[in-house]
Amino acid sequence: MILRIDRLQTELPPPSDPDPDGAAAVQELMGGRFGELSTLMNYTFQSFNFRGRQGARPFYDLIANIAAEEYGHIELVAATINTMLTGASDSPNGDGSLEAALSGVKSARNAQQFLAGGQGALPQDSNGRPWNGDYVFSSGDLVEDLTHNFFLETGARNNKLKVYEMAPHPAARALTGYLLCRGGVHQVAYARAIEKLTGADLTKMFPTPRIPTEKIPECRPHIERGDHKRLYRFSPQDYKEIVAVFNGPHPETGEELEVVDEAPEGALPNDLPPQPAVFAPDYAPEEIGEIAARLRSSAGLPKEPTGRVANEGTGLVDKVKEKLT
Amino acid sequence: MILRIDRLQTELPPPSDPDPDGAAAVQELMGGRFGELSTLMNYTFQSFNFRGRQGARPFYDLIANIAAEEYGHIELVAATINTMLTGASDSPNGDGSLEAALSGVKSARNAQQFLAGGQGALPQDSNGRPWNGDYVFSSGDLVEDLTHNFFLETGARNNKLKVYEMAPHPAARALTGYLLCRGGVHQVAYARAIEKLTGADLTKMFPTPRIPTEKIPECRPHIERGDHKRLYRFSPQDYKEIVAVFNGPHPETGEELEVVDEAPEGALPNDLPPQPAVFAPDYAPEEIGEIAARLRSSAGLPKEPTGRVANEGTGLVDKVKEKLT
Amino acid sequence: MILRIDRLQTELPPPSDPDPDGAAAVQELMGGRFGELSTLMNYTFQSFNFRGRQGARPFYDLIANIAAEEYGHIELVAATINTMLTGASDSPNGDGSLEAALSGVKSARNAQQFLAGGQGALPQDSNGRPWNGDYVFSSGDLVEDLTHNFFLETGARNNKLKVYEMAPHPAARALTGYLLCRGGVHQVAYARAIEKLTGADLTKMFPTPRIPTEKIPECRPHIERGDHKRLYRFSPQDYKEIVAVFNGPHPETGEELEVVDEAPEGALPNDLPPQPAVFAPDYAPEEIGEIAARLRSSAGLPKEPTGRVANEGTGLVDKVKEKLT
Amino acid sequence: MILRIDRLQTELPPPSDPDPDGAAAVQELMGGRFGELSTLMNYTFQSFNFRGRQGARPFYDLIANIAAEEYGHIELVAATINTMLTGASDSPNGDGSLEAALSGVKSARNAQQFLAGGQGALPQDSNGRPWNGDYVFSSGDLVEDLTHNFFLETGARNNKLKVYEMAPHPAARALTGYLLCRGGVHQVAYARAIEKLTGADLTKMFPTPRIPTEKIPECRPHIERGDHKRLYRFSPQDYKEIVAVFNGPHPETGEELEVVDEAPEGALPNDLPPQPAVFAPDYAPEEIGEIAARLRSSAGLPKEPTGRVANEGTGLVDKVKEKLT
Amino acid sequence: MILRIDRLQTELPPPSDPDPDGAAAVQELMGGRFGELSTLMNYTFQSFNFRGRQGARPFYDLIANIAAEEYGHIELVAATINTMLTGASDSPNGDGSLEAALSGVKSARNAQQFLAGGQGALPQDSNGRPWNGDYVFSSGDLVEDLTHNFFLETGARNNKLKVYEMAPHPAARALTGYLLCRGGVHQVAYARAIEKLTGADLTKMFPTPRIPTEKIPECRPHIERGDHKRLYRFSPQDYKEIVAVFNGPHPETGEELEVVDEAPEGALPNDLPPQPAVFAPDYAPEEIGEIAARLRSSAGLPKEPTGRVANEGTGLVDKVKEKLT
Amino acid sequence: MILRIDRLQTELPPPSDPDPDGAAAVQELMGGRFGELSTLMNYTFQSFNFRGRQGARPFYDLIANIAAEEYGHIELVAATINTMLTGASDSPNGDGSLEAALSGVKSARNAQQFLAGGQGALPQDSNGRPWNGDYVFSSGDLVEDLTHNFFLETGARNNKLKVYEMAPHPAARALTGYLLCRGGVHQVAYARAIEKLTGADLTKMFPTPRIPTEKIPECRPHIERGDHKRLYRFSPQDYKEIVAVFNGPHPETGEELEVVDEAPEGALPNDLPPQPAVFAPDYAPEEIGEIAARLRSSAGLPKEPTGRVANEGTGLVDKVKEKLT
């Protein structure tokens, strides 16, 4: 089971110019065959289906623990897409009528981000097709599952690099810069696991694709902080045997790989402003605000929300609202 | 982001007689339109896409927190399927040859549990079709998302009841007994949320389907423990405003709903024995065991695995192995 | 638009021995590529999309009118599947508990007929996969659409013959006997339409598959009644120009084709008994009956239902209920 | 079975400026999860699979009768898409050569409207993916099916509102104005049915999404005519017990709900002009016209087509043709 | 089994202006229901599944031999798409950084041609959906399979004509001009086969769609060469009985059909230049070149590649490279 | 383009006892994610999309040539499935009526092998779902495509081993024995290619899954013949540079890898007998035989079929026919 923490693994910028076609491209990192839903679900199912786990504990722990990190990745991709779509619809007219508030996105590549979703992320790829369970490989054969995972991370790195090139929006850049760094760690982890089991030295294949991670400016801060060589343990008590696999030199830099015995601190998410044209969270969100305040008060909660967001007090929501009207 | 805990939310029995067609039926609770992947992913995406969350914090917290619990549900469904499939293949012959070790399951309903998976769970439904992203509804409109969630839990309750009737295997019964109880809590939570927002009293629709939960013997221990009226907070620090929504009387029993300020204790998972016929985790799992022991030792870890399982020291793995040879 | 008549196009027998795998096979005639959903939707979309229809009225009328008949075919297939599944689950125990009421169908080929449906028809094929819109061909090119339709009816005839061979259940036989006869009429109609437009004489290809319709005993009553050479006009006022295409000799018998200026009389459907194990229409259907009686009375309706069924007063429902308990 | 009437349920404007991306958006109302194919097929299958219908006749009649109305809705959506696509391709050159007659729509969002279809409607959604049978929910459990239907109509209302905002083309506006009104009636009908069965008052949830229907200018004429509070009986003789459920005050206006004992009069469809670039109905449609005239004459039919269209005698076809050349 | 020849069946022009949306349209001819993957796989499976082939040898040979030709067609479609996409991404910057090299195609219709593929062809249709096995019809019934094939070729001709109109890019025109000619031959072959078996004269339906092939300028050179009336035998020794079916007059021109006893000579493919922005074949392709040279030398192969391409020595690769930087 | 040879790559036994569920399992090797359609289509698309092929010729030749061999593999899988299904339906009755000739396979796992196909192979997997284009990986990045291919062959080996265990039918055993041997060669070839490009020695991972190929009795004759270390060149003139990659010691046996400069001789296919119950090739196949004989004679062909089959003159067809009646 899991505990959930209401923070993102890295900081994302607040909404700026909306970029619907960029957001449609970022969907590949969500619901594509090599998207974060795939990494999450592959490692999750592999850990669920792991037989004889006591006898192979370091490998079980490795897969289970990386699965936990991946949850934070789908969260980041979703936050990025939402950020890029903020402001893409018009606000309703002064008289409250809807009018043609979505006609500006009539030719946007992924119409369902608006029609099915509320200017938000969908479990779809960059061609608007849903993620599906056929993308999960969980054969039970440990060497084979690890081989798959190494290949999956390679494909994921390819896709992140290309989305980086396709969507220069600040949120997409912050996302891909971070994911390239962290995905690289997983690629190393699986290579190392295969080496431990078979002797085959896959680290010679790094970087693959052959562009060094450090050439990506948005990766550099993460590399400088050391995040390219660290595996975090995403659990209060468990998965302690990852150290038995994740060690030795980093294939690109030669630095010693490290296990960090807790989750990263992360960053507060932005509270993205309502988009009334798509009824998110409502056509008239103020009413919900009033009800929520009343409920909070009846329950003896403080007047202000107890949850924290990055942009509280900064008036970001109001500023974005203002800009869009 | 999440922290992962290597425990199940409830106890499952160890493997007994294998039941491949029963396991194929339980897949509906994994990858069916109303399966646990659907509840997990619906609430997860709705929480990711929630706009104006500070203004609607109690509702955001509710959805985000239930999403966290659902992760534990897909874990339980997977463990159940693995339990039911344990022993369904023959062990390899004495001479190590594979022979016809899977011919006994040639007519099993879901061939891919053996051919694609390693006698394990797949992200598929009871007809062997993959879960897909079209099962996720995340419109951004809060009242509408909650209406969906109430409907989704209703459909899920229906499916759990029918799987209960179709698969009398002890593991399936333990699973459905627990899930019926917990899914019922979520059904109540969403009904209550809709009532708080609109005034419509959906609790009059309970139970739906109209068979009372307490009529299911396997639900009773959970009801007696009070788990039918409790919402656990699956987070170290966050989602504290669920109390503002989850309160009032339980629709079936009239007892006061409760919020528990931490995750349930849960139970240790069984370490299910290797199934060499499907190479899970290997054709010759002992070799992996030796490598793991060596790695553990090099890393300065204790000789025995640090992770805990329900059946350690009981020799269950050996017993099952014995029985199957 | 349409008017709906609460009768079947032909008579079906009441439930007898349940036959789940037979019902799974009949699904091919519902949701298979050549099933009745395909004929219905192909002709419906072709009529909706027909451009320049005044200039080509006889052809528009032909396609639109056959589309109307096809609606009755999906209705018959559904009624057949429901009939074959009646009694396939056990009744709940005397104490009202569900127990293992579906364990008898754990190995049935299409689990979703029970788990997703209520022992009823699904829009799926014989392998349990959903019908989808890719099965619709509507190119707008009249000759090409007609060529497709001739091919579609040929494929449909093939599938009906094989389902006939695979499912000797009385309901399946009544269904396929009727559909082979009526589908044959449509095959002729499209062949004739192509001939009128291009001069190509496709009637030389009849029968295709090459087994004569009259060799099927269950087709004979329909042939004797003349239903193999008649096109009914399924409209109060419209589609009168079908006579301009549907004429000349029948390719197999040489008899003159006929247009009948109204819909066939058809037959009353059976009221199939509740199946409480799957909650259809409820776990305790009597309660619904009481509510319905009250509502009927408040609305000034007669005490007895105004709708007619084939088995009213015959106690069929009770008899089936009895037999199953 | 059904009778088909060659009229639309409401009037649509003749073709004006083509709008391919608008037409691609309108596809969501055809083949999306909440499109009219879904409402049609859900209620149709639920009526086919209804067990114990005599005992629950008012509810059976309600579902069966609304299913009949939905057929008219897919017809309207198709007519709208065809209208919006009319004129989107160039006419062939003077010399009859095809040249680049479709290059103007090379970047249109849904290429298959042109390549697979004949500038017409497809059973697809707004991302160009086919409708499929997984969108049908037919559990057999009456309360649950009705809960689903209420949710389905809510999702459908959401999608209609958004398509309204996205596609300001006159045909799309006429369509969504009408469908919002009629879909609202169905939403009320299902809410009322649930209330009659369980006592839960869902009418407090109206309107959902929370924008009042009367704020949409294109809905007003239908509201003024009273169409927001009327359920039509789409059958010569059957489904008379809908009055037992559809009664009481309208949730938004408080007016008494009404049952109208026949289908609405509707309007004649426009005969949309041929689009020779896509061979609809032919590369040289005049030839078909000549053949049709001959066939009509041989069959003793009048010289002019017997079918009626909205634009007969107005030369609309010629005018559009002129404009496009 | 097959032997593969590294030549195209016809000549294609070298890359000129990139045309991503044109390339997205051409995908319909690859992975659409009527695309070349469909013709290839339909005839391939029909030949594999052909029962009693000695007794029906001329028909078996016909289907098996046309299947062989179709392989060359998917090759041509792929080469065309690759040609049209060449140059659509920017070259990396002088400093080797990737920057926004794909931002110019952010709104291209098929994002996966860049993100999943390497600016190359995918097994998808023009709406970006994958080809699937449901497009294969292989009933085993010879007359029915041939009827299907005639219909399939008709649909394919329709799609080729429309892609011709939609994508005036020189490569697309060269492709469709050739495929229309060759597909026409297959349409004739299947019509003739049906006639031989049933007597039905389908040649009266030609041309269908009704635009004569010779009206397409890009078809004329192929017609002049006689390729519209020739069936090539794509086998060293087998399929000699195609002459027993493919004979008689051509339906459009009246000329005698001919069997050519060998494969056509074809043309050398262009060696399309690397696209480093998508890492095809690498981010730094020169390195691969050096490795290849070394391997060639170790293996005793000549210094220059032994394989032939159309543009060797012409510096085309360099010229394109130059133009794009 | 290709030339086709009417021989199988290895010998298959004639039909013996039919085994429908075994045949349903073998479908995984046809249309599963790791089936032969996947290996065929992956390498085919990768070769089509290969950019800068002159500079990387040895690798291009390797992929293109292996693609050619894979065609023979789908052919073998299809022949195996057809063999296993032969005799699974009853022959029609003496009076030629169809009766219940398929009722014996009503519970067979893959109903569409009978209802859609003619007791033949379908492009589906072992759960009856169609192969689809998402299984193709063609990124254009050479190292990554090769990594994929190594993983794909590993997954394919896993699936072949399990089908071996599940389906002990003689045809399935002959198939898997051969494919394991040949797939192993491809696994080695891709490992070697990666090593040449990156230096990573993947041969240490062999065998994977960890059961040595030589432990499979049905592999041994192929190993003894040397087929485990040979790459055949499937082309009259091209792909000569495969020698530059495929060399060095075999990872399991240490023997030197060899390139054979032509295709293997292979074996004649069996002519499988008609199955009239499914109309393959006809309800009354003799008629086709007479027509074929006439056509052959008109075309000046010899009286006996020119094509060769394994069982000509042996009366196998008659014997099987006899046995089945």
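Every chain is named by a letter (A, B, C, D, E and F) in the order it is written, and numbering of its residues begins at 1.
In this text, a residue touches a chain if its C-beta (ideal position, glycine included) is under 8 Å from a C-beta of that chain, and two chains touch if they have at least 3 such contacts.
This is a predicted model, so every value here is computed, not measured.
J.: In contact with chain A and with chain F at once: which chains are those? Just list them.
T.: The common neighbours are B, E.
J.: For B-D, find its twin among B-C, D-E or A-F: the pair where over half of the contact pairs carry the same residue numbers.
T.: It is A-F that repeats the B-D interface.
J.: C-F versus A-B: which interface comes out with more C-beta contact pairs?
T.: Of the two interfaces, C-F and A-B, more C-beta pairs touch across A-B.
J.: When chain B meets its copy chain C, do both sides use mostly the same residue numbers (more than half shared) or mostly different ones?
T.: Different, since most residue numbers here occur in only one copy.
J.: If I superpose chain C onto chain E using their CA atoms, what angle of rotation comes out, to the nearest 5 degrees?
T.: Roughly 180 degrees of rotation.
J.: Return the distance between the CA-based centres of chain B and chain E, expressed in whole Å.
T.: It comes to 48 Å between the two C-alpha centres.
J.: Could you state the distance in Å from the CA-based centre of chain B to that of chain F?
T.: 39
J.: In chain D, which residues are in touch with two or more of the other chains?
T.: 33, 109, 116, 124, 128-129, 134, 139, 141, 143-144, 158, 209-210, 278-279, 282
J.: Thinking of each chain as a vertex joined to the chains it touches, would you call that graph a line, ring, star, complete, or other?
T.: It is other, because the touches fit no line, ring, star or complete pattern.
J.: Pairs of chains that touch, anyone?
T.: All touching pairs, sorted by chain label, are A-B, A-D, A-E, A-F, B-C, B-D, B-F, C-D, C-E, C-F, D-E, E-F.
J.: Quick one: in the complex, what on chain C touches chain E?
T.: Interface residues on chain C, with respect to chain E: 33, 134, 137, 139, 141, 143-144, 147-148, 150-151, 154-155, 158, 194, 198-205, 208-210.
J.: Given the complex with chain A, which residues does chain D contribute to the contact?
T.: By the definition above, chain D touches chain A via 21-22, 24-25, 28, 32-33, 109, 125-129, 158-159, 161-168, 209-211, 215-217.
J.: Contact residues on chain A for chain D in the complex?
T.: 89, 96-103, 105-107, 109-112, 114-116, 124, 128-129, 277-279, 282-284, 287
J.: Can you name the residues of chain A that touch chain B in the complex?
T.: Interface residues on chain A, with respect to chain B: 1-9, 31, 37, 41, 44-45, 48-61, 64-65, 67-69, 71-72, 74-75, 78-79, 82, 116-124, 130-134, 136, 138-144, 196-197, 234-241, 243-245, 247, 263, 266, 271-275, 278-282, 285-286, 288-289, 291-292, 295-296, 298-299, 301, 305-307, 309, 312, 317.
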